[in-house]
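Both complexes below contain chain A, partnered by chain B and then by chain C.
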Partner chain A sequence: MALDSKSELREFKIVGTRPLRPDGIDKVTGKARFGADITAPGMLVGLVLRSPHAHARIVSIDTSRAEAVPGVHAVVTRADFAEPGEDVADILDNCMAGAKALYDGHAVAAIAASSGKIARDALKLIDVVYEVLPHVTDVDAAMKPGAPVLHEGRTDETVPEGLSPNVISRHEFGHGDIEAGLAQADRIVERTFQTEATHQGYIEPHACLAQMGPDGQADLWCCTQGHYMARNVCAEILGLEQGQLRVTASEIGGGFGGKTTVFLEPVALMLARKSGRPVKMVMTRSEVLRATGPTASSSIDVKIGMTKDGRITAGFAELRYQGGAYPGSPVDMGSMSAFAPYDLEHVKTIGWDVVTNRPKQAAYRAPGAPMAAFAVESAIDELARGFGLDPLEVRLKNAAREGTRASYGPTYPAIGLEATLRTAKDHPHWSAPLGENQGRGVACGFWFNFGGDTCVTLNITPDGTVTVSEGNPDIGGSRASMSMMAAEELGIPYEKVRTIVADTGSLGQNEVTDGSRVTFAVGLATIEAARAAIREMCKRAAMVWGIEPEAVEWVDGAAQPAGPNAGEHPPMTLAEIAAIASNTGGPIAGHHEANPEGAGVSFATHMVDTEVDPDTGAVKILRYTVFQDAGKAIHPAYVEGQFQGGAVQGIGWALNEEYIYGEDGVLQNAGFLDYRVPVASDLPMIDTVILEIPNPGHPYGVRGVGETSIVPPLAAVANAVSAASGVRMTSLPISPPKLLAALHER
Partner chain B sequence: MHYHSPTSVEDAVKVLAAQSGDCRILAGGTDLLVRMRSGLAEPDAILDIKRIDGMRSITREEGGFRVGAAVSGTEMAEHAALVAAWPGVVEATGLIGSTQIQGRATMAGNLCNASPAADSVPAMVAAGAVAQVAGPNGVRDIPVAQIPTGPGKTSLGPGEFVTSIFLPARPDRASDAYLRFIPRTEMDIAVVGCGVSITLDASGTCTEARVALGAVAPTVIEVPEAATALVGTPLDDPALSALSAACSAAASPISDKRGTVEFRTHVAGVLARRAAVIAKTRAGAA
Partner chain C sequence: MVQVRIWGSLAAATEDQTEVEIEASTLRELLDGLAARYPAMRPQLERGVSVSIDGRIYTENWFTPIHKDSEVVLLARLKGG
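Right after this comes the complex of A and B.
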């Protein structure tokens, strides 16, 4: 891996500009093909029958009446699937229930029929006998001995005796001595915080089309954040060889982590196998909300000590996350990230992973971190205000820097937290006047970022244009960013490069589009692939000139002799070399495969003004500014979009979004009417300030930017509400009835 | 499924009388078509009223306005005289949905859908609006407040449908207002709604008032005690406080995913006060 340590000195021509996105016209004219737009001749409609119960033993399923309906080609239940391997067992069970239905909306059977109407009518003819069991949806209730138990024997050795079998694992991080640290404090704040589950809220529901021949070859088209993941998981569940299942990713209408697993795909493939016909499945919004991953809900105790001049002497948090019906809530990441922005001598977090009768959580933008930040940043705010200290100053005083030992273990290289705080302090937003019932809040956030398996192939076409094939669905404009980096490296115009997301038959393994990894890892591979192509082009020029390849250098899109000793040759452009490629050794390409380390952690500071209506508890967001370190912003408009999107999702999480369960454990708001994501008129323009502290792990200094932006807003909004109203809200969402009740209690 | 699109009220009544299965009236379709799409309604027949003569016009009558049952919210908002006389009714209808929904949604559809949270209904009740109903037994006029009988239920008999809504004439110094509470700024459903209509005399004293609340009972309710609190006063602070108290007292909401009993009860009083202040200003009080 090439690390350009002087990347900050490099003068970019294309990187840092804002060209049009290559998928833009198709998207605004409706031509882009999303998951539900893929069709095949003879295709059937697949629908899923879902459990109406939060927790029930499946006594029997009789599909004979449904199978007898003319037009029904296949009915699938769990009995059709072979016993799964351990690593896909929970995924399969989530896609198609086995012995028990574990949440309202859990799939129990599926039908493929020649029309949607036939499939809908036939679903009603599947007879499922349920033995309804007691259920639990609250994390604290689920941990208690005697709580209804979802699974026996899943608890690992980290969990002490005496808790419910719903408690799966315990995680601990930190260093120092909390009691000793607390003893040095002038004041200690100890509080419990709660957050509700929120859904990723992508506009495009899950959809796929599956086809499988009797020869064992299968094709799958789906809306996913990772078609290589979909291939590997489906191949294992269906007993196919990975090489025989080709998966093509559609355009994707949002994912935010929620499309990093499979829901419909194995079922569609099984229906296709049984029926011998292509099968298309598309979820309704209600299915999306009931049965695909929201994030975890949480209950968090925080204890922080501070001296009166604002030094944090100790930070402790105990985090309990329920991640739905299967192990794997992101409580480990919540526990690691909770205090990550601060340089603390005494810090400790304990995390508990708990299962409940809710849909299996899926990754949601910085999984686990926003809730932890809500708790910690609220407590720090309370301490700072209690001492009459400037909350930005307090954070600066405790900010992690290069050389700080992070609360989760490693020692930080160059990081950008301090820069975001200083920029925030100098920004006009910080000193703007506020009116009656208005208040300002700030909070910091951290995210790890990630590399992961990555392959890129870059081809030079005979006419001198360039195609880049990468294996990561483009959620945030990554095709534009890849084209920009390839063009930058090759020294050709952006318009000469077209980047595509290739199917699983075209490249090696690619990690899903997650962990804010794509611009970093795929960008790095794209740059390296371009460098490989450049080396080959220099070789071809050397051949033509009859000199050594080492005597040729690449400057501004052309090969040229590296020095006077190399002889007098006019430069050969990329197009000129491409035109004679066939006669100089054949087609020219570059490729790069890697699992790059060095993703570079990222920090942000958010600032928000709110106004509270004291008579109704309604909260209005008046002004919002995001300050975040991007390392290097390849396409600044998309970086700003990521900052804004994360802030808006966090505002929704803070104010109105929540999963509401009835006494019966049934989700009461499985639709966008009562699952309230913010609408445009709820929001001011979200202002952004991009900071660029280069990441030494990337040739251009890139850090992932997609996730950090959702970490601070929960706390920032809560802190602003507290400043505006005088009440500290420790439970999200801060919906009007809750805030009004708190105002009346005061 | 059969689709009927008669051009006269008489034909519509005949078609309806001939139905044996489940036949639904289609106005803007912003409730009905959504219900059909989601599988909540599977009617055997649909009778579209939009082609019926007179259904899409707003006409002056006895100094008031007769609004055809297929007139959309957008068409109401474009009718300057209607807006001047009944700004509260027009703004309530104008709150329904988004720009797209506005081009289709009707007041009569909002009324006959019989949601306790329907936005235009408290404003219509406060306005003393009267629905004209056609059916097998001819035509009858019935106060709007008497049409919804419970969530999703109306007093309309078999084969009956609403042909128009009549908004009466306005004296000078009279106006109305409607406010709703929603957690978002749009695309939401009223947690509480309140319509207030008032008439002032030359000295600014309230001579007549009507107040109605939405989403705090199984149907929209009129609150006579709230009107009493206003009549004879200059809508000053004590009167407004009495209005608030009367509305909170009259509210008998439930706790559900959209709001608690305590919240709805309190906010009913808050909105009534705020709506009354707006109506007072609109009526030209000093």
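Right after this comes the complex of A and C.
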């Protein structure tokens, strides 16, 4: 794909403005159709029976009593599914347990009935005989020889012999000589940090409606970050051809990575197949917390050396992430990103992927990076403060820049970290006075972006309006930004463009909405689709004028002769060309299909003021400012929203949110009363500063912005708490009892 | 030949070399060349990798060009949320 690095030279008319969001009215008036709002004639209610045990062999399942209940139309267990292919085996086993239940809440059977009451009553009549097994939910405990073993034979070739079979893989990154670097340090900080698993906390529980005819044609409506992913995975699990399964994404009430896989969908399709009726399934909040995908929890050793003038001489981290009951924690991403903001001669990270009796982790905004940043940024802060140095100056002194060899290997092109740090240092927040028991913290964060398969079709309607069809559920304002980029390119008002999220039958393959990819990749495809439509419209105008298409150019929403040699013709607007499309060759559309790779990386610096109540250990967030490079902010309000949302989720991770397991391995806080996410009254307005260092890999300079903002806040808050209280907290969340105990020990 | 930097835990497959030389002008040739020359690397290549070429990261496009003086770095396959 051609890349255009002239974005900084372009003057935009629509990009960079703040038009009204297209989904706003429907959402505030309750008209938006989320997953649970979809219905079908003759629809059944599907419910799941879940394991009450953290680890148990399933000796037998007798569904006969449930099947005999009037109104029960189908019962499904793992026995109904064919042996899956290797690439979906863990996904299916997570959706419906096979030989063992591997965590509290693991699905073991499902029922479709004519009402919710009948289904609930019938669930109680399914007789499951369990052989309860020892369990382990802590990552360090799971790594020890002799720990309860979840799977045999899943360890890969990177793991040395002699470790627990729960250790799945080992990842090592870095360069230089750590010991030589540490020998140059005036001080070394060596600490162990822990973070608990947190949930994305999306407002909308998972929901879907499935129907399947006797001819094998099936339809699925679901809330998901990737309906093409849902189609492909479900088709493989159900033994369907992908083309026979059409998936439509509903409006989505948050995802943040947690809706990049399937939980209910294959089960709903199987129930629909067995019952011959549409089946709707909606999770309760308790099910969401027990049986979808929270983050990994982590245990991280960090060792960093620094000279007294603030130069980091070496950085080492050993990261242990448990990703629940199946391989695949994001410890490799944590290991790559831990020291990525810094220019280090000696750096090394080792990551261990470990399984435990917890739900299979799913992606959560910059998966793996926030925990690593918490550990590294806390240690850097401790060193800086120990030397009496300005923590922002220390970060500036060590900041990665263009030409720096990243800790994970490559040499950086132009990046924006230094700009975020300098802007933070010049911001009034940095010099604002603090009161008693108050402290200020800063931290940096890094994340990758990527592209992936992308299709966009742009249709010119007969009245001169435009519809853009994209294949990525809109979790962060992509319909607005696609409309803006299309309007910018076409030279027409934003209000003349409507973007829709098309079903899987309407476009080619689209990668999931993840990896901060959509504004980058779908935006790029939208621009190219608009350019294709422009070429066609110029051709139509050339036909009317009787000149060559090459003699026509597109300016401000109209075709016009490119120069005096093309003759004198009044410009033809998009609407005028659209009105005669039937007479000039038929409907006009532009489309673009690509896998636009080569996305740039992203950096942020966060600054936060906290106040610690010495009597209770409660932490109040007083002020918070995000500084982040967006490349080019298409719709700045959405970019600010991404910055704010990431910061708030990170604040929750730092202060309140945690999965609490009892001795029995059962989740103790499976509800929003006990799993405490920050609410508006807990927080100040999150201030944002958007920096724009264009990404040369995008025609407008766009970088993904959806994930980086959750990377720094864990450390920024912890550093602020340390500054306010004099206590260095190495374990998250910094809940009031935990902080109070630390204050008493001081 | 292009110089390829590999990450630490793959060095076991390359007799502890963290930089290797492969004859390749595209991403596909690079991955095929690594698999052919270092069979112990195949399990990881099959699980998936990303490749940084001159600071930009690629995962899937087989025919992404690689120049002889390109900086090529093998990375764990990127994930996102």
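Just so we're on the same page, the second predicted complex is superposed on the first by the 745 of 746 C-alpha atoms of A that agree within 3 Å, B and C clash if a C-alpha of one lies under 4 Å from a C-alpha of the other, contacts with A are read in each partner's own complex, and residues count from 1 in each chain.
FYI, contacts are C-beta pairs under 8 Å (C-beta built on N, C-alpha and C of every residue); 3 or more make two chains touch, one makes a residue touch a chain.
Bear in mind the structure is a predicted one, so any value in this text is a computation, not a measurement.
Quick check for you: in the superposed arrangement, does A:S681 touch first (chain B), second (chain C), both or neither?
A:S681 sits against chain B, while chain C stays out of touch.
In the superposed arrangement, does A:N669 touch chain B (first), chain C (second), both or neither?
After superposition on chain A, A:N669 lies in contact with chain B alone.
Look at A:R120 in the shared chain and tell me whether it touches chain B only, chain C only, both, or neither; answer first, second, both or neither.
Once the two structures are laid over each other on A, A:R120 reaches chain B alone.
Chain A residues in contact: does chain B have more, or chain C?
Larger number of chain A residues touched: C.
After lining up the shared chain so the two structures overlap, which partner does A:G600 touch, if you call chain B first and chain C second: first, second, both or neither?
In the superposed model, A:G600 contacts chain C only, not chain B.
Touching A:P410 in the superposition: chain B (first), chain C (second), both, neither?
second
Tell me the contact category for A:F256 with respect to chain B and chain C: first, second, both or neither.
Touch status of A:F256: second partner only.
Where on chain A do chain B and chain C both make contact?
Dual-contact residues (chain A): none.
Which of the residues in chain C come into contact with chain A in the complex?
5, 7-9, 11-12, 18, 40, 43-44, 47, 50, 52, 54-61, 64, 71, 73-76, 78-81
Quick check: in the complex, which residue numbers of chain A touch chain C?
Interface residues on the chain A side: 156-158, 170-175, 256-258, 260, 330, 332-333, 335-336, 348, 350, 363-368, 408-413, 448-450, 452-453, 514-517, 595, 597-600, 697, 707.
Using the touch definition up top, name the residues of chain A that touch chain B in the complex.
120, 284, 615-618, 655-656, 660, 668-669, 673-674, 676, 678-679, 681-682, 735-737, 740-741, 744
Using the touch rule from the top, collect the residues of chain B that touch chain A in their complex.
It is residues 38-39, 181, 183-189, 191, 257-260, 262-263, 266-267, 270 of chain B that touch chain A.
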